[in-house]
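Dumping the structure here so I can ask a few things about it.
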């Protein structure tokens, strides 16, 4: 019986189902976490009515969203409008395919994992543009334009900041990156690549359009931006993909700079349960995401662009040079 | 790991290009950092062009030769000669553009575009690898789109640029597809290995590749039937851009075509001389016939450049057996001859104006300028002893040696056919009454220097000819 | 070396003149001086090397493009010497006769000197390419001279002239290049006798060359550019235009077509002779029909050129000598007549023959010299043209009796219209009273008309002065073509 | 698994993900209430005002400028990625190459900066 | 294993579609997109050649990156020019851009 499951196409369907399950749950949990963390940061309770301590709140949300009407628009470009959530959802799931959860626990260990991450993430920008354009609404379009400008601008430092890790590893496969960081937390790439780590993380925040880089949504000025016209399940999918993307960025950061599933100290090796280390690191980073969100105000557009082009990109270029020099000498 | 590809020799071989690149950077950076003095920018750019030509001359004089980057980049006499020519053309174009570009306020940018095209052209003539060829061809082409569209004050400029661009990118893609097919058929991108696969008898895929490649090249050379972009692009372009673009990239592209045909597919080239003859004849007739009815000088010169591309291409009809050496000479001689006379003509247009009637009575107001223009026009017709005559003579030598009598006849007929429109300009300058005060004089020193230099070269071309032919013989291919 | 200097002195002269201020009293003496230099050199050559034109001092040979056999080769020979002299001489006359050039005199002289370079060069060139270069070098200056200083009809005339002759010369160039490439050299000396080419090749190559030269002469069906240009030009341009330019064509036939392609030219000879006769007859008839004095002279000039073709086509010593000499004599008389017509037209304000009459009464010198020129043109014994015409005619008659007979008829016709013209213009009563006080030729005008008239007389009495110098060259040609 | 199979796997997954989204939307359509649409309801949101113009208008040039700059830098990274992978084996040669390459890119960046292209106006 | 011809046919088809579009469409930006299609079809052809040809290990992929770079440069310059035209004429329709037709 179990052996059947290990054969195609069952294996494929099983993994796929597991993946979708994981992502959707992550998104659901993160919505709750978002509200709880914000509440605690602001010394409130947060949701505490549905279920014990509000733990069932996400389930209630899902039910609510499923039963909401998806309001059709008169002038919208219907197919673009409907496909946009799919394009945003795609990267949020697909990147998980190449992330090693634990030793040999990776769905598809592509030899170009890093490149895959970069390539798939940029599809998200496409989704944003499609959403903005397809809605045919002024706010949407403005939000989409901002989103596009921001995402492509931060894509450059995002990729450039990966280069240090790639150079040190000599491989684009994420499993190789993790393996190269084994043997203790002092081998993690966060130490030689500390600036790159910060840049990567900042760019990651910008990529997922979180505060302080949430100009495409900009609730207080453009009332939701590119997703202003979405409602019901389409809106839910966009929200879900945003939260899932946050998890993706955390997971990739953990993989690239924090040793992935590698234990911080050799004797803490948990064997088959090393995925716990990975989960812990990802969760920590996710917490940082929330923390930043409730601590820092939104950037202005020009500040945002300046930060990307005039600070992050030059810094990455310099650090690539430094890394190369370092590797040449030692 | 194999041995590193860069050696000291490689750096020496790349000196002209490195210098050009360095000057591009310097020109751009002085503009943004230093004082925004247009004279400084154009001076530096002129220096850059001279550095390109000069270093190539030194390499040529030193007899430097070799192939680099896995035989993908070759430096030989042939390449160096064309590098020198491209550098010199760039130098004079920079001088001629100084006045105009100072008015745009973006001298540095414009100058660096000229240098970038020169850099691409100079890489192009050294390419022995299909993809090196493609990339350098694009390096020579892409800045030229920007040059054509550079004049923001004239709507024609951006329109000409757009037409040039849209057709140009399509042509590039076609050319690239041809190259890739050739690569696929041969299994190697290197010309010497291409030669092994390209015999007189081609497989369909190879033939398709060749045809696509030639179509792309024909576009860059504005040869019929791929010439339609030329008049709009040249008319729209700033005059000095049209001058430069009608000469430097074309020269280099002809050199490239020679190299590809002779080194990459000698047998095929011999089998397809009829194709070149056909294209050449069509270009000559189309160029001259369309030029007849133009009133705008730039447009006329654009069609004239189509015709002259035809004349040069006529030499390719002689790429067989005994005539091969003469054909190579003819391309070189004609290219140089065309460069001096055409640059000169465009420079005068730059100074005087592009409408035919602005030339009325120029001989009365500015005799020296009128005489120079008359010299250029007569040279373009092919009146001896001016440069154009020698170009045509060499083309006829080559084609006659190859026995392509039809081509000889076409060249002769077209020389006569071109008389009315070139002499129309002479007539307005000498026989008509002046319409106004004539062109503005101030600030045109460098431009005038270029014009007179070109006039002197055109008149005394016979003295350049001997050394040039000797050089062409010495370097062979 | 002397030859080279003589050829290129006018070039320096052109530059010198162009740099001077544009004032007649400064420009004209300088131009006279410049024009005198080549003439003086020619006379020096005649005196010093008259018996031996092959002297190394006269020729220069410098290979230029070795692989193709192109070189700078100049040298004088008997065929070209007469015209070399005449070109220098008539340029000087043209400089003097430039009184009707009202404005831009210095440009006029500069361009004239540029043309002189080409003219002198053609007669001295010993290389096909060089010949062609000089041949074409005259084109633009003549175009400009006519187009800038001609009358109101000048622009179409100038461009017509240019296109016709350029078409002809380009076709000729095709022949030249083919010949040179097939033979491997462009040196006339090495090409003599065909340069090793077979008869068929020679025939094929000769056709474009002869055609091109025929346009320049011009041979009758190709002549339509000529009257327009002649009528529109100023006097001094006419001098050069009629005196020297047609000879660029005839010298090509004599110096290039015949010796270089003897077998190739041979089949065309009857036709050349026929066209020569046609020229003579047509010229005479057309002249007869003219009401314009200048047009009459122009057509008579076309007619007289026919004798050169006839003589050249004879392929015998008599005819060739006649043809070579006729080039010079034709130049002298036509120059003389054009200047006189110009003077008359300037004085009377008209060129209509019907309006004139009795001009000799008020202008004895002008009238007398017009009579002399006309008599010379019709071939009166004792004047130079007689000698050359009779020689051409005899030679031509010998080789081509029919064409010769027709040509002889032309002589009679030409006598008719010239006498008719003289009777209507200079003789008889004064047609208009206001012409009573017309001034005769002034000093400048005399300086322009007396020398050619004198030369016509001198050469008429002592033709040997020129015939002696051209005879060795003609014999050389004869030996090449194998004629008697 | 051979790498082609891996890629096929990933590609198939991506198709399935899009499919999943569409299925979810269809299910939602079945579940969710759907009332007859009215013109008012279908209007796009403009803070409760009636939209006056079509939002599909040309947008400001600055977006294009940044798009163009992104294009250049993105392609630059396409060159840098392969280089970075093999850098460890290249030694000095690779270092020099990188210095030249990044140097030129940096010059371009400086030029853009100074020229004002990086200013968000 | 998919045969080489399959890739080549797809490449040729894409190229033909791109060419057709570039020649027929009147909107400059769309023409550009068609050109991109052409270039990418060339890339496909190139990469498949490189993969199947003996002794061309990896070189083809390198060339492909060069081509991508060239395409990017073309687009960068091209969009700038199209933008300039648009600002002057408020249209990017190729047929309407005819100041110089004679």
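We call the chains A, B, C, D and E, going by the order they appear; numbering starts again at 1 in every chain.
Just so we're on the same page, a contact is a pair of C-beta atoms (placed from the backbone, for glycine too) under 8 Å apart; a residue touches a chain by one contact, two chains touch by 3 or more.
Molecules present, by chain and UniProt name: A = NADH-quinone oxidoreductase subunit H; B = NADH-quinone oxidoreductase subunit N; C = NADH-quinone oxidoreductase subunit M; D = NADH-quinone oxidoreductase subunit A; E = NADH-quinone oxidoreductase subunit K.
Quick caveat: nothing in here was measured; it's all calculated off a predicted structure.
J.: Work out which chains are contact partners of both chain C and chain E.
T.: The common neighbours are B.
J.: If you walk touching chains, what's the least steps from chain A to chain C?
T.: Step count on the best path from chain A to chain C: 3.
J.: Taking the mean of each chain's Cα atoms, which chain ends up nearest the overall Cα mean?
T.: Centroid comparison flags B as closest.
J.: Average the CA atoms of each chain to get its centre, and name the chain whose centre is farthest from that of chain A.
T.: Computed centres place C farthest from chain A.
J.: Can you tell me which chain lies farthest from chain E, using the average of the Cα atoms as each chain's centre?
T.: For chain E, the chain whose C-alpha mean is farthest off is C.
J.: By raw count of C-beta pairs in contact, what's the busiest chain pair here?
T.: Top of the contact-pair ranking: A-D.
J.: Please report how many Å separate the Cα centroid of chain B from that of chain C, as a whole number.
T.: Their C-alpha centroids are separated by 43 Å.
J.: Give, as an integer number of Å, the spacing between the C-alpha centres of chain E and chain A.
T.: 33
J.: Averaging only over C-alpha atoms, locate the centres of chain A and chain B and give their separation in whole Å.
T.: The answer is 53 Å.
J.: Determine the centre-to-centre distance between chain B and chain D, using the mean Cα coordinates as centres, and give it in whole Å.
T.: 40
J.: Enumerate the residues of chain E that touch no fewer than two other chains.
T.: 73, 80
J.: Which residues does chain D have that touch at least 2 chains other than itself?
T.: 67, 74, 89 - these are the residues of chain D that touch more than one other chain.
J.: If we use the touch criterion from the header, which chain pairs count as touching?
T.: Every touching chain pair, ordered by label, is A-D, B-C, B-D, B-E, D-E.
J.: Hey, which residues of chain E end up touching chain B in the complex?
T.: The contact residues of chain E facing chain B are 8, 15, 18-19, 22-23, 28, 31-32, 35, 38-39, 41-42, 45-46, 49, 53-56, 59-60, 63, 66-67, 70, 73-74, 77-78, 80-82, 84-85, 88-89, 94, 97, 99-100, 102.
J.: Per the contact definition, I'd like the list of chain E residues that touch chain D in the complex.
T.: 62, 65, 68-69, 72-73, 75-76, 79-80, 83, 86-87
J.: For the complex, give me every residue of chain B touching chain D.
T.: Residue list for chain B touching chain D: 1, 4-6, 21, 25, 28-29, 32-33.
J.: Given the complex with chain A, which residues does chain D contribute to the contact?
T.: By the definition above, chain D touches chain A via 1, 3, 6-7, 9-10, 12-14, 16-18, 20-22, 24-25, 27-29, 31-35, 37, 39, 41-47, 51, 54-56, 59, 63, 66-67, 69-70, 73-74, 77, 80-81, 84-89, 91-92, 94-95, 98-99, 102, 105-106, 109, 113, 118-120.
J.: Quick check on the complex: what are the chain B residues that touch chain C?
T.: Interface residues on chain B, with respect to chain C: 325-326, 363, 367, 374, 378, 381-385, 389, 393, 396-397, 400-401, 408-409, 412, 415-416, 419-420, 423, 426-427, 430-431, 462, 465-466, 469, 473.
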